[in-house]
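Take this structure first; my questions come after.
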């Protein structure tokens, strides 16, 4: 029962946060609404006892992606957009169609199994289990991913360094 | 005391210059000022690389009483009128030779005072010439950044001039209230 | 030479290819905690880098020169206290020196000794508190400043005992001093002077090798020798840029030729904030040397010479200057035969030292701009007059 | 939801909400007093026991000062700049406080009442408690940015930008030095980490643990914006950074949040490296562990105060350089050292270890003292050489000074 209540509250927050994030013209407000959405999502993961994923959700999505978005906005000219413009843009119709299509695709497995859903054993989402899985069957994947990310990091550093002009030393002449 | 600078050779090289014995200053024509200043700075005999002090002096037209000794030995007081003028005074020193000062004056009229800026010769003139412009209203030709420095930009007049009179209330700004505006014009209210 | 005298070019934006960032214009001051008074810098920032800086003056302008031209010569002596309110003694001295040139007045020997003692004590006060403020600008939360102020208090006590005021001393007169120092003052002064090196040792030990201070100040705000000379920089700042020029040595005014002291200066390679800081630290040691000699050499006698009751000099022009703690403080007086000066001009070292502020700050970080300003050592009473 | 659960939640959280703000008040007094003594001053000494004004005042070294400050803060005018984003301006101090308070739950402090509640309520029993701790601490960045942005003040904005850059950078060495402890225990569970250090088996007494603790503490200073890393609120440069436009109780909330964050990060340092509640006499009197835990937290906070009174501030580029060019390589190297040392100690026994027990203790029990000594010397030597090298590399090239004297 208590899980039910928590689920509905968190879902409501998540949906509201997502809506506000899309609606707000003020970019900073939008980003913060998005973060609320992420936080609610993290709560939902906790509800599913996937605590590691919940922590990672906060760490990565709020702590990294959100901050990255803020950084990007800070670098742009106009930090605060005007709030007054109308919500719909010209492509609203096609947007709606795409959204509906995605929704249907997501629902497809559930529709196929209707009305008797197949009950499968849920995987154990504990940290320990995850650790073992990452270290035993998926160690290769993990290493490749790590390598890829390191390469991306080094690439980013090199790209950023290339942009900087050679510094002018000494007296300005 | 440090060694004073020998001014005779300057007078010889630049015929337009004068030596004011009473003030102990070199009077330089405005047109030649920059040339002479550069020469004074770079010439090995002077090396006046350091311009310490820049200021203006405002002389109003005034009557000067002078005692003149006539041929027969009697002393007579003569009154003559000294014309008004504006001086810009530079005190020059040499850091390399540790000599100085040489007082260097540019003289101009006080109605449309305009002298040559020596900022390109000595960087230290930059702020001080701005100050002379601000307080005396001397226009410095080819000064790179001639703006008011101590008074605010909207200020009218040049307060260090001898004939400057304070306005009734120089910080007054018009307010939208007509009544007060009117009273102020009648001199009743200091807003 | 010509390149050094030229105005710093309008610094072109350090633009990165394809990535344009907008400039942030910040008006630092006049109520900023570390502009040392009501001084303002209009700073343009690209991120944290200063790309343009315009000093704005005049918030404390009260036209000191005009005031002095409308009163008697002695009447503006108290006003000179308010120029550089940290160093009222040297301000007094510069003015007295100029006025004594106008009318030939002999200064009694005891007065000269006391003048030197006061001036060097003032130098200690100024340098020690400047160093404290400077470290405070570096972000040290006031600890060095309060240590410095502890020492400053002792010297201010001496000033109070001699002149009756701690900061606005108004102690000098044309031809000497207002009054002799009270009995036992010299012993107390000797006590303070003897203990000062102990404090300096501690201070040097704590600050001069501190890793953060080194990395924050070295290579920041470099001022080349040529630009320093051309821009008329004086005082410790000039000597930090490698010019051996001390008016106490050059002019040998008063009785400075009787004392053994050295003028610290750098080799002129860097001329950064650290050099300016260190030159001041070293100068304090030399001041103590002078003070010890002066306290030993002082004799008895009057402290006020035969100054005329009504000070009415003949028409003349003089320029008198002293080595104030901040640099060359000069007074340019034109007398016209009346009891008021026809022209009275102060050459403020603080203002002229600010000429190169922009040149030193461009391309540095905003935090550096603050410490560069701190290392210049300005007092707004003198900058704006 | 059962009533029992609600009761347990309240029992677990309410004491935290009472104890730590009280400690905060005491800490502000401690900080002011300590700074004053460092600076040759006396510090607060007037406000003491209220209503004892007449007939002898009990000032108690100014211990009443925090209360007076609190009352003052409550009654001060709340000023919001005209152009400010009012909502965010209001939310920022709250957002600063919430994560700081939240992470207190992850500290394995054995309060006497904690034993009576069910395990599922104890946050530090979570398997990913340490990860959660870092995740939630990171939210503090958002509050700082929010405050800086919402104030519409250029100094605030600069402070906010500095704060983000700084916190994001220093989080990495912070986490990497915590990883070492996780490696040595084999668990992310805060309670297990603390238990693994029972007695004198503190991780600070291992070479890599010592190095990791130092890195952790430096990064923690930066995370909590303490001197010498107090750039986001650098008073001499950007007035007060993101605080500039805050007054009254909002300012007090920020202040509270900052100190609670200090408690939290110190508490984590105690948990990870200083043995949690371990200490003399704990075996006999279990409640002593609470005291030990708080004493250790306060010891760390005293060091922070001491540093604040003595050190000047770094510059922003030096700060970033220090994080990326010095702390990060050093902490990665430290992980390598810890890993190889564990491997060396294990000598092939790694597979045979009991997974439920702390790895390090099992290894250390059978270790040769000579090997241990060798590890100490070797690890510290490697780290020292590396730190020196990194320092030489990242140090700005300066010309040598020479001061001459003219007679």
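A few points about this structure:
In this document, chain identifiers A, B, C and D correspond to the written order of the chains, with residue numbering beginning at 1 in each.
Convention: a residue touches a chain if its C-beta (ideal position, glycine included) is under 8 Å from a C-beta of that chain, and two chains touch if they have at least 3 such contacts.
Source: prediction; values computed, not measured.
Chain pair with the larger contact count among B-C and A-D is B-C, by C-beta pairs in contact.
Using CA-based centroids throughout, the chain positioned farthest away from chain C is A.
For this pair, chain A with chain B, the centres built from the Cα atoms lie 70 Å apart.
Once the centre of each chain is set as its mean CA position, chain B and chain C turn out to be 25 Å apart. Centroids built from CA atoms put chain D at 28 Å from chain A.
The centroid of the Cα atoms in chain C and the matching centroid in chain D are 44 Å apart. Touching chain D in their complex are the following residues of chain A: 1-2, 5, 28-29, 32, 35, 51-52, 54-56, 58-59, 62-63, 66-67, 70-71, 74, 79-80, 126-128. Residues 1-2, 4-7, 57-58, 61, 63, 65-66, 227, 229-234, 243, 245, 250-253, 315-317, 319, 321, 328, 330, 332, 334, 342-343, 345, 347, 351-352, 354-356, 384-385 of chain C touch chain B in their complex.
Remark: chain D residues 1, 5, 85, 88, 126-128, 131-132, 134-136, 138-139, 141-142, 145-146, 149, 161, 164, 168, 171, 188 touch chain A in the complex. The touching residues of chain C, when paired with chain D in their complex, are 24-26, 32-34, 45, 48, 135-143, 146-147, 150, 210, 212-216, 218-219, 244, 246, 249, 262-267, 269-270, 274-275, 278-279, 282, 365-368, 370.
If you check the complex, the residues on chain B that touch chain C are 1-2, 22-25, 41-42, 49-53, 55, 57, 89, 91, 95, 98, 101, 103, 119-124, 126-128, 131, 135, 144-145, 148-152, 159-160.
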